[in-house]
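Please find the structures below.
After this come two complexes, each holding subunit A, first together with subunit B and then together with subunit C.
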Partner chain A sequence: WILAWMGLEINTMAIIPLMAQQHHPRATEATTKYFLTQATAAAMILFASTMNAWTMGDWNINQISHPLATTTVTLALALKIGLAPMHFWLPEVLQGLSLTTGLVLSTWQKLAPFALILQISQNTNPALLTTLGVMSALVGGWGGLNQTQLRKLLAYSSIAHLGWMIIILQFMPALTLLNLTIYITMTSTMFLSLKIMASTKINSLALAWPKTPTLTTLIMLSLLSLGGLPPLTGFMPKWLILQELTKQDLPITATIMAMSALLSLFFYLR
Partner chain B sequence: MLKILIPTLMLIPTTWLTPKSWVWTTTTAQSLAIALLSLTWLKWTSETGWSTSGPYMATDPLSTPLLVLTCWLLPLMILASQNHISPEPINRQRSYITLLILLQTFLIMAFGATEIIMFYIMFEATLIPTLIIITRWGNQTERLNAGTYFLFYTLAGSLPLLVALLMTQKDMGTLSMLIIQHTKPTNLLSWGDKIWWVGCLLAFLVKMPLYGVHLWLPKAHVEAPIAGSMVLAAVLLKLGGYGMMRITIMLDPLTKELAYPFIILALWGIIMTGSICLRQTDLKSLIAYSSVSHMGLVAGGILIQTPWGFTGAIILMIAHGLVSSALFCLANTNYERTHSRTLLLTRGLQMILPLMATWWFIANLANLALPPLPNLMGELAIITSLFSWSPWTIVSTGLGTLITAGYSLYMFLMTQRGPTPLHTISLHPSHTREHLLMAMHLIPVLLLVLKPELMWGVCH
Partner chain C sequence: MALTSARLLTRTVHEKWICAHSLTLRPLVCINKAAFYGEYRRPGQAQDRTPPWKKIRFSFAKGVQGIRKHFGLLKDEAMERWVGPQGRPLIEHMLEQTRVQWEFRGPESLEQWLVSTDREIGGRSEAYLKLGRNDSACMLYGTLCSTPPRDGETCYSGYCTLRSRQLLSSFDRKKNIDWSSFNTLYIRLRGDGRPWMINIAAETYFSHQKDDLYNYFLYTRGGPYWQDVKIPFSKFFLSSRGRIQDNQHPLWLDKVSTIGFTLGDKADGPFQLEIDFIAVCNDRAHTEEFAYEMYKRNPEV
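Now for the complex of A and B:
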């Protein structure tokens, strides 16, 4: 665990200067918020692993078995990636960054915590994971409804997608990985296209049609894919996740997740 | 099945590679060839009812008439769109045709699917090209709102369907239609099972549309361009009916009690939407509400699950598809000339466009179910089976037939007879293309009078 913690800290340290590149006060504020949240999460991880080592005598990552320790480390990792109810930092931080840095934050930064999450997946509390997942999907959907700033929109979409990823973790971690990969692909597409068009608000997207019609079509398709519409690829993880959930006799959870996908779809559609 | 799918997909390179002046001609010709090829499906030789099967697609007497209808409509859609698309740049015209072709492909795969999940995916997939057609090429500013209504109503109904289908797959091990028709009836007693039943049906009822959840339909029809309206009215509504017919195979015996509220909604909807039609001022909206009314009758016929009910539903679906599409084309000819859909502004057309008046006459007579046209066959089958299910339904179905006759005649008289307003005297005469369009819509209706067995489907 010590090495994992060190890796996470170095990761945070490295990205802080990248984020503060723009000497805009909003960028500095975003950097500070990010640093605080990530440091808190890292400290909690260290605390949880130490507690586990003290009570169980084990420093191994996937042998973490004390219930309090697992809960703490799950919550800490959730804070790191921005799952509800620890998501409050994500929209503001993402808004303060440039589009490229935002891309790195949404995709690359998620890989490290997810590696840890996948490794501890056997010992986690199912109720906690389900709560985190459903809340994230709902918060991601509702939060994004009133947004006009594209980066905040993508932040809420990230929260919703992370919710979907977490909820299947307890049943089939392979699906979590699949969802993560597809999400990274789609979000990278979105961020890069937005960077090409240099637009950060919905109003400026509306003028994009005359500039680059092909790119606008691509953006539209990838937005619909993020929303999870068949027959686009974005539907596949949602379908498989719902299938796993129903196989485990959780149809109500499945329905709630599906309905919250509708919420997200609404703001993608704008 | 591949014989039809691959030429349809190849239409997409055709539209993008043909030189500018030949695009419309070649696409219409190729889609017409595909439509004629699809007529070969009408010959049923297999005993089990499923023929022309591949690993995931097959046709049977239930899906074949709808498939032929879909293939028949593509050349008609392309013909109808020629006029209003021509001022746009050529690449946009090509993307419009490409969207229509994509929609066609998804529809063929949906009607031919044997796995219910594949049907579901194609069902959802048809939403995307339709949404793009409505929002991008629609006529007024409300089209964005219409598109949103359309998408969300349909999706809100179909996501529970996905969960219900996945639960079925868990319990039965397969979702292939070939196998499900032979499973023994399931024992469904608890509240959870009742919710599952509703989940299965809700998507199709929204798509049909059923009276309570029909709000998306008038909006979508009014805002859509002509090809969008045609395909919406003719085929997409029938997707709902087809899906319902397939799904009800596995839903017995709960359906006996649980279908009551939906049947009542459907019957009440026939009367209500018919009455709304009598007071409409917008021509397209009138035809849209008439669609809701007819599909209410279809929903009633399917929900009571009798052989005659199913037969009547299929016949009415096909006949209504052709006639509704014809009416939308007629309304579009008016719109292209006067750029208004208000009934009062396009009166007295018989003086100016007499041959069009003939087509208006035939289409309206078909809409009000004149014998011996197949509309009447379908309506009569459904009304009799509803009557045998409960004698009280004759009140609403009889009243509904009367009101349908009322508004169809109203539509005819308003547009054709009466004093001609002065501003319409300088309208363009009817194009041959429009006459061809109307003929190709209405001649199959007349021909089906002679051999309705082609449409009767599984129950005879």
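Now for the complex of A and C:
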């Protein structure tokens, strides 16, 4: 756990100068908010692991078994990746960054916390994971409505997708990994396309059709894929997750997740 | 007698302890808000040390009214989300090229504005705000006096300002204006030939940015004809507490708080400014991102 904590801290420290590169107060604000949230989460992880080592005498990542330690580390990792209800920092931070840095934040910065989440998945409280997952999917759908800033829209999309990943973690971690991989691919496509078009607002996308029709079509397909519309790739993880949830006798949870996906699809289609 | 002496001794020891520790305890117990937030106090004015709980004026009726108002606003905000951004359909947001943000068409429009002068620092300027003829414009008028107050501290005086109030949503949360779809400020006004300054304040995060303003000059023509002023947002430069900053950056338009007009041209006498409306528009021909310091310092040869 100590080495994992060190890795997370180095990861945070490494991206801080990249975020503050722009020399604008909003970039500095985003960097400060990011640093504070990540440092808090890392401190919570260290606290939980130390508590587990003190009570159970074990420092192994996948041997964390004390209930309080497990809950604390789950919440800390949720804060790290921006799961609801610890999601409030993500839209503001992404809004203050350039598209390239936003891409790194949405994709690469999720890998390390997810590596830890996957390792502790068997010991985490199932009710907590379900709550975090459902809340994230709902908050991601509700918050993304009426967003006109594309970076904030992608932030809420990230929160919703993280909800889908977390909810299936306790039943089939392989699906979480699959969902993460596909999400990273789709989000990278979106960010890079927006970077090429140099657009950060929804109205500049509306004017893009005559200028770059191919790229506009690609963006449209990526958005529909993010929304989980068949027959695009983004539909596959959602379908498999819903199937697994139904197999685990959780039809209500599956219904709520499907409804929240509709909310997300609504703002993607707009 | 022995008991009284013991009590006196205890009290003396206790008082001595308090005196000895007051210097260390006081900052922990009573935080000096003035030091943190830079409150301005007139010379000779004592600091207001009234504890906050003594300033509460409890009124049940007002409380109920407040609850109704704020929950009503919250309900409206929730309903607006289903319509579109800021309660308007998305298609309207995507197609709009102009937006009138403030227009003066009735007495309630004046309530969104604050007038202040150097009277707050002991000066003698006066400024008033009223509706113009036919309730179709606002008129800011008054007299400027640049004689500094004789308080031994203030060196300069002679300003007046008209500033919009901060918009508030439910439960008095700050609401910011999103002008990111636009790139030009468009004002219809009628001045008296004096040079004014337009100040735009954006949402800030750090306490040292609380006095940050983005300014640009507004040269008015005197005369009976209305003047249409179009100022691109790329022309606004950053200042803090009235001082232009060396490190400049463009104004980000997604979180604008207030707009203001200031007169401080060191010319004593009456002034008058009529404003019909303040709008924003999108000038497609204007592609400049920022007018200042865009050149590369230390370019590679």
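By our rule, the second predicted complex is superposed on the first by the 270 of 270 C-alpha atoms of A that agree within 3 Å, B and C clash if a C-alpha of one lies under 4 Å from a C-alpha of the other, contacts with A are read in each partner's own complex, and residues count from 1 in each chain.
Everything below uses one rule, namely that contacts are C-beta pairs under 8 Å (C-beta built on N, C-alpha and C of every residue); 3 or more make two chains touch, one makes a residue touch a chain.
Quantities reported herein were computed from a predicted structural model and do not represent experimental measurements.
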Going by the contact rule set out at the top, does A:Leu242 touch subunit B (first), subunit C (second), both, or neither? first
Check the residue A:Ala174 against both partner chains and state whether it touches subunit B (first), subunit C (second), both, or neither. neither
Could you look at A:Thr32 and tell me whether it touches subunit B, subunit C, both or neither (first, second, both, neither)? second
Is A:Leu145 in contact with subunit B, with subunit C, with both, or with neither (first, second, both, neither)? second
Answer with first, second, both or neither: which of subunit B and subunit C does A:Ala43 touch in the superposed model? neither
Subunit B versus subunit C as contact partner of A:Met259, first or second or both or neither: first
Hey, which residues of subunit A end up touching subunit B in the complex? 213, 224, 229-232, 235, 239, 242-243, 246-247, 251, 254-255, 258-259, 261-262, 265-266, 269
Any idea which subunit B residues touch subunit A in the complex? 91, 106, 120-122, 124-125, 127-128, 148, 151-152, 155-156, 159-160, 162-163, 166-167, 169-170, 192, 196, 199
State the interface residues of subunit A toward subunit C in the complex, per the touch definition above. 23-26, 28-29, 32-33, 95, 142, 145-149, 200-203, 206, 270
For subunit C, which residues count as touching subunit A in their complex? 81-82, 84-86, 90, 93-94, 178, 180-181, 204-206, 209, 212, 247, 249-250, 252, 254
